[in-house]
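Take a look at the structures listed below.
Here chain A shows up in two complexes: once beside chain B, once beside chain C.
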Partner chain A sequence: MEIADLPICTSYRAKLLAAGYSSLASLSAADPPRLARGTSPARRTAHRAPPRRQTLPLDSPLRPPTPIAAALLACDEIARVGVDLNIEIPEAEDILKVAVCANKFKGADGPSSVLKGSQNAWDMLSDEQSRKHINTGSGDLNNILGGGIHCKEVTEIGGVPGIGKTQLGIQLAINVQIPVECGGLGGKAVYIDTEGSFMVERVYQIAEGCISDILEYFPHYQDKAPSGQEKLKPESFLADIYYFRICSYTEQIAVINYLEKFLGEHKDVRIVIIDSVTFHFRQDFDDMALRTRVLSGLSLKLMKLAKTYNLAVVLLNQVTTKFIEGSFQLTLALGDSWSHSCTNRLILYWNGNLRYAYLDKSPSLPAASAPYAVTGKGVRDATSSNCKRVRVM
Partner chain B sequence: MVAGGGRTGAGAGAGAGCFPRRYPLPADEVREKNQDERQGGQFLDGMDLLKDVTENKRFLPTGVQGYPIWIIDALLGGGLRQGQLMEITGQSSSGKTQVCLCSAAHVAARHLGVVVYLDTSNSFSPRRIARMVDVFPISLVNEPKHVRLHRVMSSIICESVFDIFNLFEVLHQLELSLKKKVNNGSSKICLLIIDSISSLLAPIISGKYPQGRSMMLSVAMILKKLADEHNLSVLVTNHMVAGNGAPKPALGESWKTVPHVRLVVSRDRGSNICTATVLKHTLLASDRHCMKFAVPS
Partner chain C sequence: MRPAAATHPSNSSSHRQQEPRAANPLLLLPSSRAAKLSLGCPILDRLLSGGLPAASVTEIAGESASGKTQLCLQLALVAPLSPMSSSCLFLHSDLPFPLRRLRGLVPQSRPDLLDHVLVAAAHSTSDLLSLLSRAQHLLTHPNDSLRRLPIRLILLDSIASLFRADFDATPADLRRRSALFFRISAKLKELAHRHQCVVVVTNQVVDVVEGEAGNTVEWSSGRRVSPALGLAWANCVNTRLFLTRDADGPNGCSRRRMKVAFAPHLPERACEFAIRRDGVFGVEPSER
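After this line comes the complex of A and B, so read on.
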């Protein structure tokens, strides 16, 4: 490995080479202050005994100094000064850090070490097969989603007002807490509320509904686990939802930036729900190009959080009308460039009197739709009794 | 099915015939170009280039089945060319990632080499690839299914990249390990997929500040250098953004010159038939011909 291959700024690279560091081995012996002063062993000897140069006879007393000779001398002087590294100590530290990384990387071998930190698809496959999904509450919905909401992915859920986006969001925040023994993830939830639609009484109701369902499917759960008695209470479900109320887009950006630290401290969070990602960005922004940039930056951050902390990110989105081929059609808000920034997209819509969900985008599953219902207990399968749509006449 | 443009299927075949023939069989020993020869100011004449192209620049299969019977590789004049950069652009959920996953699976399954997959939107789905490999005709490679699955999956390497600096770092590492592999001659990387490059570039590109644009061009430069020096085929995906009237590929005019081949895919909502249109191709006649294909199942 050569200095020339190090990923550092070109000017530093030139300086290092000029100062006599040619290989990583020579750099590994240097400490930051020494590197910053630019005194490699080779340099020091050079200082002591300046080599005789070809240009030297030009300025010997035997020959009168010509303008050309003077210019040559000046060039020589500049070149010699330029040889000194002349960099700050922190920068020298950075260079050494890079060099250490490069050295480590050099030691690795085998086909999977092409990139440090990468995984091959075989390992990822077995990892994926052992992963659990977050139950949505409705079996049909789980089926089209391949078992539920996936961790390590960003899922966008959009639909017209009143279709049940927030209900689904709350349901997920509750269902993520279903204990591991009952087939859940036993995690916690982060709920970022931008619209103020998080009704805590409703959350309590849904938590009760969830608990009664757990007890229905696992009637002996309470007997088996003595600690379960106090765990399966709506209060404890509520206590495990971390709620952030956001009042402007600046706060929204700040909270998403802060999440990195927060999730590092709360490793048991398995889902982050943003209800809705759209609200503030829809009204306060004039500069559309800036909005696109900020939003795509945010989506990359959320992708990173989902991957690093092994959690599901659920973004709720509103709808807007768009003029396509001569007619106005409903599409999700925030525009074309935002539509690329999720892994899965689920669109909720009315079909007659039934609520339907349509899987619009997914890298691994075919597009499909399924009915669901919002009941007193939360999101459930659609049955004939609970699918009434209230119409304002 | 060739829908748009004036080309017939036979025309496309003849067009491809003018160019060096394909080497689909992995068994063909591909002579490694000595890198040292090409560096240090050595020039190549046209005959050297032609020889290099016929011997080293293979076409990698995308494996995407056309609808009803055509194969999308024919549309591309053979497939993904080694040493070239290809871009797939399209609306959200139009099948870009599916083409990437399918190409990765096919290249790995035919013993062509290692595939490096850089994923920016957590959409690399090993389960999907496993399902694709599972339905490959067994005659393609003579080995039991589970052995094949393990081999294919092991030669696809995935890395998540979430910002542009991370991308630079990863590409640099890749370059180093490619250089190393040239020396010890183990299994070689032949395909680099970045899905999607525009989501990394979108947060930094703006009209006001030139830095973002210059970073975009240096990514382009690095990708083309990797493709050229290490005989990689590079496949990147790009978004479509709203233009005046019709949607257009993102990243603007200066990116337009970067890819050798640009392919637009689109899909009607609710159907699984995609339409691919060639926007730009360095080898084929430039009329915009298109083809329909089914999302590989």
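After this line comes the complex of A and C, so read on.
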């Protein structure tokens, strides 16, 4: 986009052109005071930039100089340049705003944002809407979660022993690998096991269940993709889970610190599951304040990883009894301050003989609950055939 | 905090080995039956799809005389003969050690099986922790001169009796108690993982009073019971097996059931079993 097409006052447009701003890219590198003073980027880098009034390509090598260099250049320019835009700083700001907007709608990248690294809410919304979710295996569960487990967010899942936390964790590690053509993410998984409940034979079963479902919904998948023939095997699903077994809380801290490097090397990881985040933090910690600090440090680190590498972090938590108002009630472990550490919180509980999930905390979705079932194939919708809790052989 | 290798690039090769390494689950896929310890009965093995898993802690809960100790003794004698071919470390806190029952189970032709059962008494939680540290040493530095099979089975009978005394019902003591659960369980799980051991812990039951939410509840001998030590301990085991008994019928013979209360690799299911002179055996539904 050219300066000439910008929806601003024609006199400003002429002044901008006269001062050497010809493209949006050149404008985006300017800040209001400099713009008001009339120094142009073209002239600042005059020794290697094309001559004035010539249109620069959007991806021109112009970059905002470093602060010291900029100051030196500015002094130099004030001495050399006679052209004056003669506009006030607020007006310059308006021009820049319009320019940034125009840049966004054009979809041009480059040094588009005025503040480097910042993002406006419009971008974030469209980004979020286009983002894919990780299928939990149960449609009802996906519904209350708004499509599934969200990438770039930390989700905590808690429940009593035997409710299916680990099953859901394994299911997510498998489902994240559903190929893109079948509506999945086609990513890989990191599974951090602190309790030793990751049973490979079970993972194999769940992978087989997932494959049979894919082939049921996409019967032509195997014929369409010749490479799919070898891709859809439980073995390859297993091979794409990076598994860490942790035996103490120091190891847990070390692995989470190491994850940053690991994820940098494995960009296709889309989910990190910690099963469970709690176990090693319920022993040897006499100083509860220290425990809280260590844990919130970990959760901040995980949030950062989730944002940086565009992946979902799922933390499994245990349940403990707490003495509230004269009676014992069930709450998630690790205390109240920990409950601020996660973006989403899903609580799994028994309701009679049915397993239910309750969305306890979410920035965008209402609290809701839904039944689900753990079947031989993995986590699925609760139906009359697979909701029975006890099966007698 | 940065990973150690990044801050010391000069000797990164030595640090690289200390970095946690991701294991490929494919390589963890058990080599057929070696990773499961048979219970010595095909029906019970079918219930557990092959037997008790290695590298994992299994709890056997049940009221007194439900067959917990009998099952442990049977495991101790099956272990040397199974594909796992291992010795067994039997930690007992219920005194005295049931030697007579063990001798009753040993087949006449194989008195040497007793050589592979190592027995140690744990009188308190601190005893148990020090025993586990010594067990760790024993497992890491096996003494070849004794011509013993490697230890790959650890039995603890029972966890609940260690906690019967020493603890008041005050919040501070309860917290201390559950911290101990997690410490003992972490130690057991570490041994199980590092040496691919089968770990079995027995547990007693308590009557359910109202408000005992969240824990496993079963009917046994006409009582509503739940494994002892509460929800905190339930978080410490991977698999929970519940031995229950129907209320005594008119003819005095009651049905016993083994139920998978929860397990990461098994659905909830149950099967009947009987305790005979020569051990614990599953009963096909048609046989009764």
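Everything that follows uses one rule, which is that the second predicted complex is superposed on the first by the 274 of 393 C-alpha atoms of A that agree within 3 Å, B and C clash if a C-alpha of one lies under 4 Å from a C-alpha of the other, contacts with A are read in each partner's own complex, and residues count from 1 in each chain.
Quick note on the criterion: a contact is a pair of C-beta atoms (placed from the backbone, for glycine too) under 8 Å apart; a residue touches a chain by one contact, two chains touch by 3 or more.
Computed from a predicted structure; not experimentally measured.
Using the contact criterion defined above for the overlaid structures, shared-chain residue A:269 touches neither chain B nor chain C, since it reaches no partner.
When both complexes are overlaid on chain A, the residue A:232 reaches neither chain B nor chain C. Within the superposed three-chain model, A:16 lies out of touch with both chain B and chain C [touch as defined at top].
By the touch criterion defined above, A:122 reaches chain B but does not reach chain C. Of the two partner chains, neither chain B nor chain C is touched by A:346. On chain A, the surface touched by chain B in one complex and the surface touched by chain C in the other have no residue in common. Contact residues of chain A toward chain B in the complex are 1, 5, 7, 102, 105, 111-122, 124-125, 128-129, 152-154, 289-290, 292-294, 296-297, 299-301, 303-304, 306-307, 335-337, 339-343, 345, 360-361, 363-364, 366-367.
Those residues of chain C that touch chain A in the complex are listed here as 1-3, 5-6, 19-26, 28-30, 46-47, 49, 53, 55-57, 171, 178-183, 186, 189-190, 192-194, 211, 213-216, 230-232, 234-235, 237-238, 240, 259, 261-262, 264-265, 267-271, 285. Listed in rising order, the residues of chain A touching chain C in the complex are 160-162, 166-167, 190-191, 195-204, 235, 238-239, 241-245, 247-248, 251, 254-255, 257-258, 260-262, 278-280, 282-285, 318-321, 323, 327-328, 330, 374, 376, 389-393.
Against chain A, the residues of chain B that register as touching in their complex are 91-93, 97-98, 101, 114, 116-117, 120-130, 150, 152-160, 162-163, 168-170, 172-174, 176-177, 179, 186-187, 189, 196, 198-200, 202-207, 239-242, 247, 250, 269-270, 272, 295, 297.
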